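Presented sequentially are two complexes of chain A, the first with chain B as partner and the second with chain C.
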Partner chain A sequence: MPKKYTNCAGLAGLLAALVIVPHFLKYHHQDFLIFLTINVLVVSSYRLVTLTGEWSLIHAVMMGVGAYASTLLTKSAGLSFWISLPLAGCVAGAVAAILCFPLFRMTQFYFLIGSFAAGEAIRLCWIHFIQPFGGTGGISGIPFPELGNIDFLEPVPYFYLVLVIVTLCLVLLYRIEKSRIGLTLRAVHWKAPLAESVGVDTWKYRSLAFIIGSAFVGIAGSLKVHYLGTVTPNQYGIGFMVFILIWVIVGGYATFYGAIIGVVVLSILDESFRGFEELRPAIYGLILIASILFLPSGLESVPERIRGWVSNRAAARNGPGIQG
Partner chain B sequence: MTEKKLTTSKMNRREFIGKTTAGVAGVALGTVFPRISSAANDVITLGMNIPMTGDYAPWGLPGLYGCEIIAKNINDAGGVSIGGTTYDINIAAYDHGYDTDKAVQGFKKLVLEDEAKMVMMLGGSTVASVLPWGTRKKVLTTTLLPSDITPDSEYLVATCESHPLYNVTGVEWLARNHPDVKTAAIVTNNDVEYGLQSAATYKAAFEVAGIEVIDVNLHGFDITDFAPIVSSVLAKNPDVFCMATSFYVTPLMEQLYHQGYQGKIISCTLDYYDEIIAKTSQEFVNGTIYQFPDFDDPKLTEEGVKFPDPGGFDAAFRKDHPNDWSAVSWEYPTIALNWIEAAQTAGSLDTDDILAAMKSTEQQFIFGGGQWWGSQLWGLDNTLVGRWPVVVIEEGKARIQEFGDVAGWLSSNTEVLVKHMKEMGLRVV
Partner chain C sequence: MDLLEIRQVTKVFGGLTALNEVSFHVKSGNIHGLIGPNGAGKSTMFKNISGFSTPTSGDIFFNGHSIKGRKPSEIAHLGVARTFQETTLFQELTVLENALVGAHKRAKTNIFSAIFNLDRHIQQECMEKTLSMLDFMGLAERKNQLASELPLGSQRALAITIALASEPVVLLMDEPFAGMNPEETRHMMGLTEKVRQSGVTIVLVEHDMKAVMGICDYLTVLNFGSLLAEGTPDAIRHDAKVIRAYLGNTEAM
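Entry: the complex of A and B
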């Protein structure tokens, strides 16, 4: 069977499993699954930005932009969730488009610091302008989505909603990465001078990745606040950004699925150590250090390493004569 | 080179991975298999959805320690009788690290899996995130911040700390005992939940006491250098330096000491005041007014105080957790005791019955008095206010001076309080 069909069958199996899984989980783990699925979209959208070689520290804040936009559109403007969800992505994308002008005058480390500063400026606006953002206490009483008789306050229906939207977003992100645009983004990363020499506008492509990534994480922000019912500036601070970086780095960022593996594995590990509250940060830290020491290419490299280990063992068993 | 290091060390890489995996698996298995209870009585579980790690842990973990002492005392004494059945008390806690996602998960775990009859929380955004589900499922939830209460949050109550309403008693005592004081400066962090609420309350209290507020200095949470803040405030020469919230009391006190401040100091809390004395001097800290007593205070044995054996509780806490006493050490236990009393009055474990019993019983506040209040500010009378202690450091030790009447102050001065809340942009119904 061609690899393409094998992958499709695998993905279909995974989706089918995800449809069934919530019914076998404890109630609070169903919530965990919702947040985990949203975080899958967060890291996947962040990876698109990193394709150009630029690592930003503003992605969590852009998620907050989407969250606040969706909140204000539903609470203040009275729009329904179904309209505010895509609009939240548009607002986050628009804010990213404006930020491109100052931010992409910088590259590498300077871009990293510049993006952090821009993110903090946005976050401080949420804190200082109590109207309309609610200050540090944020905004509460955000309405849940409404669709017929479906009760989205319950975790299973909301998980299915999140699953559908995140799957659609992942398909779009995957298509973008595999398209001509995606190839150009990689070229901008690895061979920027060469790309410019053949007429590629690197500023434009860096900006494009940043805007698209921000738009998708804005949608993730909207999905999150309409389940939590509250939005605060602290949810989208540097603390959450550090988690995004850890998920991507530990998972690996060479492949589309690396960052997803990172967020899934680390989130489940973190949740597994409940009951050892005072030790949890230390255990989490040890796992991180160990994974960076022993898996510098991320968790995504594990299958390759296993294949290498198996073939080496086979070669050793067959002896040097065979190789010769 | 790395390979060589690994092979010549006592534990090679393979052993390291194997042993680490075994250790991790052991820890993980420990979470899967819960402790087996040996209790003979039926068990009632009370939940704590609190921060036990992170920046807010000092307002969570000591409360858990306190509740564990109370639960042990009750269970050792044979349990509590509710509706003719004797129950042991079990405390189930979930660490949300002041994260809203985790708060939602923890709340549902406590209610649905641990079958907690009540969930105690610190307050703020973590409470807001659990309210929609909690209200629909009629989960009795408590907060230390009554500003979390909304007109719709029928099952959210503040039965112990009513931050920051009790601060008015300290200002009242100050004005009465130090009539020479004419001006005050307020310093606080600029968050809505703790800082601004507290600043507005202190402003109202100072206005009622006839003390002019000459400066309100709001700072962010990310501040590390308090010298410029203290300098700019002291340049205005206030008679009273007021710290409206507790996040940065220690560095502010250090700066006041180093910059030679000699006026009166009033603060919402003075957690870990032993450390402050160690960093400054006993002479400097003496006379500081605040609101949270030690529980070995002789005045807590007076009539009207409802906490059972406060001295014994204080001693037990400090024996097991010598460096962890904070304001919440006794607040969460007080909330638990309040719930037990209400359940006994109701003779039922039903949430509606217990809530009705809570609201029908007068004189039930921990320090005496007791009146349900709050509709003027937050839309529901779900905050229990009563007498509250005014504490002063004397000879390096916290000593209650008197019990002020919060409810009495509010009945006369609600309009002033509402005015200052509105001026600071805070939600008022």
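Entry: the complex of A and C
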């Protein structure tokens, strides 16, 4: 299986590069790298939810649930970050589990709207219940992780922490997707009645994908909030959700890495337009439109297209004698 | 033994009575034909048996237990599988993946086993079974093709493979021979017979009268939602009521 080995080697190389790179970056680029890595987990966990074909609008809010949970567990309950991190995932998963009952009575368009409404309801709770959520201003002064004498206030150590946890989560998500569960989720997407007819409880599998995806994005929320030090309801609203959707759509959703390519490429583009603040939303919009027009199957399809283009060129150069 | 008992089943859609107090029994080990003109209610009967629709009144018994009102996935777990009238496949999955999904009952797993590969023996066994089933259905060579790329005959065969992979006790087949040429039909009839010999009871909805008469042990005839006649193929062939209902189609009989 040489392909498998080259893939593994490639991934190992990428990880090694990620370990070295932050030392050569300026402070705010190190920051950028941390948030980008967290967003990689956000889109990858969203991918699991969309495997069943249901696109929710609540994923950003679920990240917020993890963020608030981790905040309250460390700041109010006094737990350590290391316990709060997995618990934040559990809380987000539990909230998702409760929401399954109303949400998965709906499908497609109704599910989309229902998930948006449910998310807004949760955000209203954060705004309305000043105790314990802190209202519109949110909560600040969230403690940094502590471990020995490592200074997690510094971006480089925190980046390593994020890198380790996100890599671990990606491995788990990848294994789920490639397992029988992933296959069943795709089956539910393509033909729910047929899946039902051979014994797949489609409701259960839709819920499962939603709960697991939410748990992982809850972990992402915890990672974000302990670096940022503040949490507000507006960080996790529909605005961020739109970014998630754009990353996934532009990246493509046929493969596991499509969404990751999307978030990496678009975030780097976005970062390079720093200084043109007013233009950035417009640029994002243009990129989305252009990619839907010219790359309907996403950035992930680019290597395939180049390969096709190259072989077409070769065929053309060899002249019509070869064809037909 | 009666494996399946349909008791006084009525199904009303708005003002239309698609099934009107229909009762019949399916014996274990039989190929049982369910026939009737277009719109007679055959597919509606299948939907009610497999849980995709609930009878307005009446009851359905499988192995002596009522299955009325259960979810399709629960009924599938009890051992009732079906194929759909419109060829229904997981179009974007490969042939092998399609068949693997069919084996859900045997091979379903939980999240921890999935991540840590704890049930690899079950998955391995399921893979072997599925491969031999694809072989049996003549699909082994196409196992890595997408289902949407298959020719019609193979699509039909794959639909049946998916249902069979769930290791059913009863298989409900809705028009498996539709759109096939005589040779393909003969081939599928052979396969159906083999499936029955492997111990699966079959209920067959089909318009191809020659095939039905050739393969079924017993027939139930529906007309406008009501039971018209039942009996052996020979008896049905000469039944005046049936001949009248099929007027214009009598040559086929």
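Methods note: the second predicted complex is superposed on the first by the 323 of 324 C-alpha atoms of A that agree within 3 Å, B and C clash if a C-alpha of one lies under 4 Å from a C-alpha of the other, contacts with A are read in each partner's own complex, and residues count from 1 in each chain.
FYI, a residue touches a chain if its C-beta (ideal position, glycine included) is under 8 Å from a C-beta of that chain, and two chains touch if they have at least 3 such contacts.
Small disclaimer: the values here were computed from a predicted structure and weren't measured.
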Quick check for you: in the superposed arrangement, does A:R274 touch first (chain B), second (chain C), both or neither? first
One more residue to check, A:R180. First (chain B), second (chain C), both or neither? second
Taking the superposition as given, does A:G229 touch the first partner, chain B, the second, chain C, both, or neither? first
Kindly classify A:F101 by the partners it touches after superposition: chain B alone (first), chain C alone (second), both, or neither? neither
Which partner does A:F32 reach: the first (chain B), the second (chain C), both, or neither? first
Regarding the shared-chain residue A:Q131, is it in contact with chain B (first), chain C (second), both, or neither? first
Residues of chain A touched by chain B versus by chain C: which partner has the larger set? B
With the two structures laid over each other on chain A, which partner does A:Y110 touch: chain B (first), chain C (second), both, or neither? neither
Kindly classify A:T202 by the partners it touches after superposition: chain B alone (first), chain C alone (second), both, or neither? second
Can you list the residues of chain A that meet both chain B and chain C? none
Chain A-touching residues of chain C, taken from the complex the two chains share: 50, 52, 71-73, 76-77, 81-82, 84, 88-93, 97, 100-105, 107-109, 111, 114-115, 117, 123, 162-163, 165-166
Inside the complex, what are the residues of chain B that reach chain A? 13, 17, 20, 24, 27-28, 30-31, 52-53, 94-95, 98-101, 104-106, 108-109, 112-113, 124-125, 128-129, 131-133, 136, 150, 152, 190-193, 196, 220-221, 425-426
So, in the complex, the side of chain A touching chain B is made of residues 26-29, 31-32, 35, 124, 127-128, 130-131, 134-138, 140-141, 144, 153, 155, 224, 227-230, 232, 234-235, 272-281, 283, 286-287, 290, 294
For the chain A and chain C complex, residues of the former touching the latter: 172, 175-176, 179-184, 186-187, 190-191, 193-202, 208, 212
